[in-house]
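What follows is a set of structures to go through.
Both of the next two complexes hold subunit A, though its partner changes from subunit B to subunit C.
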Partner chain A sequence: MTPSNPTYQYVGKSVLRNEGRNKVTGRAVYVDDIATPGALYAKTIRSTVACGRIKDIQFGPGIPWDEFTVVDVRDIPHNVVELIKADQPVLCDGVVRHREEPILLIAHPDKGMVENAAREIKITYEVEPAILEIGPGAVQTEYLIVEGDVDAAFASSDIVFEETYQTGSQEHVYIEPNGFIAEWQGDRIVLHGSLQCPYYVVKAVKMCFGIEEKQVEVIQETTGGGFGGKEEFPNVVALHAALLAKKSGKPVRLIYDRQEDMACSTKRHPSVSRVKIGVSRDGVLKALDFDFQIDAGAYVTLSPVVLSRGVLHAGGCYRWPAARIRGRSFTTNSPPYGAFRGFGAPQSLFATECAINAVADRLGMDPAEFRRKNFLHKGDKMPTGQVLDVEPNLDAMLDRVIAMSGWAEKRASMKKGSGRGVGLATILHGTGFTGSGEVYLQSRVALAGRADGKVDILVGSTEIGQGTETIFRQIAAEALRLPMEQVEFHKIRTSAVPNSGPTVASRTCSVVGRLVQRAAEQMFEKLDGKSVAEYVKANGSLRTETQFEPRPGLKWDDATYKGSAYGAYSWMCNVAEVQVDPVTATPKVETIFATVDIGTLINPTLAYGQVEGGVAQAVGWATSEKVTLRDGVMANCQMTNYIIPTSVDAPDIQLEFMPTPDPFGAFGAKGVGEMPMDGPAPAVTAAIGHAINKTISAIPATPEDLIS
Partner chain B sequence: MRTNLADYECLTPGSVREALEQRATGRKLIPIAGGTDVMVWMNDGHLGKVGKVYQSLHALAGEWRYVKTDTEGNLRIGALATYSDVRHHEDVKKNYPMLVHSAQVTGAIQIQNRGTLAGNIANGSPAADTVPALMVYDAKLRLVNASGERVVELSEFFTGYRANVLKEEELISEIILPKPRFAADQQYYRKVGTREAQAISKVVFAGANDGKGNVRMAWGSVAPITLRSKKTEDAVAAGAAADDAWAILQTEITPIDDIRSTRDYRLKVSQRILADFLGKVHQ
Partner chain C sequence: MSDSSDDGARPKSGVSRRGFLKGVGLGSVAIPAAGLLGGSVVLAEEAPPKPSGPKVFTGEIPIKLRINGKDHDLKVEPRTTLLNALRDRLDLTGSKLVCDRGTCGACSVIMDGLLVTSCMVLAIDAQGKEITTIEGLASGDKLDPIQAAFIEFDALQCGFCTPGLIMATKSLLKTNPHPTREEMQDALSGNICRCGTYDHIFAAIEKVAGGARG
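After this line comes the complex of A and B, so read on.
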């Protein structure tokens, strides 16, 4: 089913991807494709211990060091990677807090020489004991949400269930590793990069060098995927390239190879969740006590926000008369974990959904019926006190996914332990930043008319493979009543576009798209029947600009963590069908069935792509994508040994969209990018558990784990 | 790429004769056939651990790229025949189904179009997917040097982890498979990879029974080399039950924990594969 409004010209139509032709024909220019005559090739020299102090650095013999540019900590004006907390140095300050921590930067015109030189730098350390797991280290951030009388609610429950769940890390495996080219033009720096958030880079560079915003130009080149991995991490790469360019006076190319990228860059936060659920004998949820813990790694980076989203999603799509949700992030000696599709929600929802399935099992109830009794409805209060102001339509979505998947027949026919199983998970995902987060961002968007009659979309929101260029053109053309060919999206240069906020949090289509829609509507009114060319000729210019405005009545209090966490929620019901091989214990996820509410589909093909891609990524996280940590860093940092699903491994994915449009999202759109990451993992582990008659409480559930 | 290519030398002989003459000079020359392993070393910066001077066999394709059945009914696979050449060859499809299967599950199409079976053997990875199948078919290798040649059994070629009987002056010129002897339903090949495609084996097995007392079983990824479990073969040929065969097999395989799997998993899967194999071939 592909819903679309017949009155729209472009919205709801699967128009071709704006940049698609260049990508499939190989014409798209990625940062490593850019020719830079006279540039230096750069490499980062990294720590080989997880914790300790640098004792000595030796530059070995046989290398013409005088030909090299070498940057160390003394060359950095302000040694901080600017983000939430100023704790992460640009280069190690003498104290090593994780393996693969950058210590030196070297550059030379000959790339081969750089590789040889890197091998000849010997660093010795005074090694100290490292903390490599959640628990013993310092608590970085803590949240506590309490709603209702939790202890009394447990006391009045017939059954109290308790279990601990664990989720492993996950590597993004964007198709293009991180990379930047930096060049100083006088006192102004130009950075070409592969990135999600150009204005994050502007801020980091500005702060590190102590320069004005106008002295920093960030250009987003064609970016081969992000999944959150190019949200904050590119700041580090950009700073390193900029430092070498400053010292050498030459353009500098700092392009990671896959192994370096996998070993040193951010990944999904590993988590441990202790879940306690009180329920009545007839299957009504009474109380939730959820202790959510994540490994933050050595520095704060974005962990407080990841923790926040995990905490805010821990209650899932259920009505809890009483709930206590505690979240803590712990400092360890791993490289900092960072943004990754779902941003904490997949971790907490994995535990919630596993626990809901286990409680249904304990009650002897069909997990679908158990959910139906406890779904959130309009008017219900969530753990933050947010009262749902729209009906989530979960009953209909569940009915439909049950029918699509043949849930009842399969559950009846597949005996526990038979090697085949089905599992269920139903989840929600908040669109955009939290209430206060979007207000803080104050995102801005502009549209500019040109003398040739075309309109430029001016945003800092990036195309990272998800379709930003295409959907923004659809939205603007629709509201302007112009042919799409008249509306253009250009390569992002921060000097030319306003800051429309980071390209994260499933906010681009819904939240920023809404700003594009409003700017286009304002321009349509301004034109008042004139063509763009006529208006520009008559008035010299044509420009409209919009800024984020919070939806009326939405309140969020960061101090108490109470209020409306998100303005809108997307919803998804997932059924997984799995077969476990009797010889190898390998789980094969055969099919994921899902009903999906992301509001209006601006571009159905792109929406399917987002959901299918997210499902495949979630199935990988659940079954095969094991980040093997040694000394806190990824040891299997190769495509050969980090096992993402191939097209042969990925399940058949059967989707149906059941939209309830959000009046405050672009043409009714809600968040789409992250939600598909939330549900498949617990559905898959439930199905595996059914197939082998065992409880799965940790992912990835690899054949090695399942065979015993 | 973590390699400074300027540090390395690559010879490019135009003929087999020239290649063997170069090898006869006593220099250590690392032969490049398809180059699919060399590219990995180049990328990882490990080229130096393998050798400094390379010898491209590219121009020898005219002499050594073939798959054919000789007048005696033996299959001959030239050293530069690729996985794709082998898996699509009519004689191979008809007579050596496990070879087709094992070539199909090796790497991606790009690898299959470049990589050679001889290169796979010479590289000596215990996880090589085609080697167990070749061993079960009693493959022999023709090794040539500037002054002559010798033929060795593939099952006696490997002497240790990535070590073999090939001398510096020698190259593998062809792989010889005797006339087929196993009925199609008495052959069993199983690759247990880290995923369903483009995967490296965690356990790989080939087995066959000719019903006349000849049982062949070869294992990869469970020892430093790909090996035939000859004691287990003999026991099975003498009618041993699965449990007894397993007890013997455990004295022959020595799996380890590594980045891709665990010793425990490999043992359990080997035991199950053995039982599955014995259940599927008649004894």
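After this line comes the complex of A and C, so read on.
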């Protein structure tokens, strides 16, 4: 681990987590822990067909329906879940487009009664054929990036390799299910929720009810994990709770149970990638033709942006003299897919890395050697035309991971098909929003001095376990030259904190943290040697605000999809070591060795935790997490049969940070949260392939899949 | 308002595994024909099952629970789980409802010295037992050494599984004060942490175990 800059008091130190004490004592308050006397319990009534029209809804006998609040489509002022495209209804408008689509909302003071009543609602449908796979449905979004003369480059290649790769969906299984409590106070709605992006919810509620932004108060309660699953999906939960609260005039609790949450909520987009690579006999990459396809599900949600990130990462960390990358998302009748850690990049990078390993094999080259010949360096052009303005340092990172893992000796000693194997993957991940996204967001943060001498950090960036509260306090205290105890993280309620953009895209520490740093630097100057308490007493208040400013020279053209896709990139080299049981074919990922460049480490322990957690999720995605769709719905929507890594399954992780600071990130920080999701899967499949002498081109590689 | 009740998705048979378990309890009640089970409970001592049909209780019954050294009198529907009694009736919300299947361990409590998933125990079956929840570990402001070590080694992220993991650790160290890494992995394998903090958890346990040895 790199020693922290000795001139820093807090940056680079593993300061203990802000909220640790509340979390270990059970005192942290999550949304379902809030008592709400007089509140109604709510439930969503959902479609049982994937495609069709609602013919009839019957409210069965034996239920005191007059005691219930029932919301249907007629109760909704503007029936749209506001996001990228206004295509998703808050409640089904008569046409069912996917299984588990919300149709009715019911609420009652007795929770048991709600469950009983839900069983007595009978909906009949005119069923229509559903599209449940990539291909036959309509193309929702399409991107095409072309750099150089691709056809000529293939013609001049000695070897042309082609293969198709597939990745399965993945359920977030944030341990805390989705939930909201909604209450109208006059013409103002207050929403307590488990969420990543408070201002997404504000926008959705404002648009649906046709009210002013100041009439919507969104309060983030302690949130039990998100991983992207609480980026856009909470909009739906919040709207449903708000509608029931509006109609009943009472507070409403809408807390999902696990099975409902897993069946109806967004998941990682399944993907199919057709990859064609041209290479010279001596192992120099000549051309890439990449056709990336994802299943978007029934509505657009965030699929265009997921597709975009997938496309922009498809070239991986290699120099391509010519590249054509095409991306398409397809509308199907699956429940809408959405944001999930990595956001399209793990899908395309899986294909890229598998293909690079396969081409190395074809050439008879060590995959590490092959990569070394083709890594991106400073001054190289990426498929979007972006010229790298910093040296990625990939050679040194690869050398180190090779040494740490004993790569050469293991490759030599573990014979193909011996049941043991090692695999390699080297990847990059863009920090922050794609292209012009950060400019469009116009994120703002504020710092406010208090009469008691403390400083509040005011942001809409949420703590979801990754450490936002702690790192922002470190950054602010460092720039303010104040003890950390004097810097507090303000509870997120949208009436009090500015919109610092969504808590997604590995942007919180680097991009928003930078705004916190600048606001703190401005406050330090403003104080001019005075204490915070003195300044507030003398001037009445102390406040600084900063807004995102694009880095100089960064240009992106949405129309041509050319330019600098991301301001900064993080890099990671992964070696997986696996053992495959000769009888059961169960793959056991024993160790992931990794070298990681996420720029400056603000808090090494928290950064380590992000990598550790991402790696565990990636190993799950690669080996055991299989979303089995049956008739358009997740059939294994329980934690009993959707298998995520336990303490026995999670690999040992050997990690070394090799930072190349980004001058425009907070104290040099780059993105960390998502990148660990990208590399382990292709490294693991390469290792499994080595262990059983077979080519793996689809994940999850479960024992059943490996045997067949 | 009493219970999370039945499954969100409706099983074809009309009786889910979960509904079945909640209906029959864990060994203390007789099992009549499956078709009669719909969230109602038949108490064995009250009404031995007869072909003519068992006596069915509805509504709430008074029970007594001993939790963290304190006795509590409360009324619950017979189908109420210990977890729901803790959370909804006693305001002990540290134990979390996550999978509702005894799979994830987020609701773990210690009952008469044994680690149990409180979503799988009926409140009426927990009577007469000594129950310790996450709220019972610290004494005042003084944290249990396990809690302190979890903070020190950042053995938590989102924190939702943390109370359960700490209870599982407590139970492990009671029976095995110096566990090996493998024994830790096994002992905690019923407690799922989706943030993937296992390495930090093992480090925290090693600290506590080492401290105990010294």
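The rule we apply is simple: the second predicted complex is superposed on the first by the 705 of 708 C-alpha atoms of A that agree within 3 Å, B and C clash if a C-alpha of one lies under 4 Å from a C-alpha of the other, contacts with A are read in each partner's own complex, and residues count from 1 in each chain.
FYI, a contact is a pair of C-beta atoms (placed from the backbone, for glycine too) under 8 Å apart; a residue touches a chain by one contact, two chains touch by 3 or more.
Keep in mind the model is a prediction, meaning the values are calculated, not measured.
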item	value
First (subunit B), second (subunit C), both or neither touched by A:Glu163	neither
First (subunit B), second (subunit C), both or neither touched by A:Thr628	first
First (subunit B), second (subunit C), both or neither touched by A:Thr584	first
First (subunit B), second (subunit C), both or neither touched by A:Glu133	neither
Contacts of A:Glu704 with subunit B and subunit C, given as first, second, both or neither	first
Touched partner set for A:Glu521, first subunit B, second subunit C, both or neither	neither
Partner, of subunit C and subunit B, that touches more residues belonging to subunit A	C
Touched partner set for A:Thr640, first subunit B, second subunit C, both or neither	both
Contacts of A:Glu115 with subunit B and subunit C, given as first, second, both or neither	both
Partner chain(s) touched by A:Asp257 [first = subunit B, second = subunit C, both, neither]	both
Doubly contacted residues of subunit A, that is, touched by subunit B and again by subunit C	110-112, 115-116, 119, 257, 259, 640, 645-648
Of all residues in subunit B, those that touch subunit A in their complex	1-7, 43-45, 190, 192, 194-200, 259-262, 264-265, 268-269, 272-273, 276
Complex contacts: residues of subunit C adjacent to subunit A	1-10, 39, 77, 87, 91-101, 103-104, 106, 133-135, 137-138, 143, 147-148, 150-152, 154, 156-163, 166, 184-186, 188-201
List of subunit A residues in touch with subunit C within their complex	14, 16-17, 19-30, 32-33, 35, 41, 109-112, 114-116, 119, 172-177, 222-227, 256-260, 263, 464-467, 605-606, 609, 612-617, 637-640, 644-648, 650, 652-653
Interfacial residue positions of subunit A with respect to subunit B in the complex	110-113, 115-116, 119, 257, 259, 582-586, 588, 624, 628, 635-636, 640-641, 643, 645-649, 703-704, 707-708
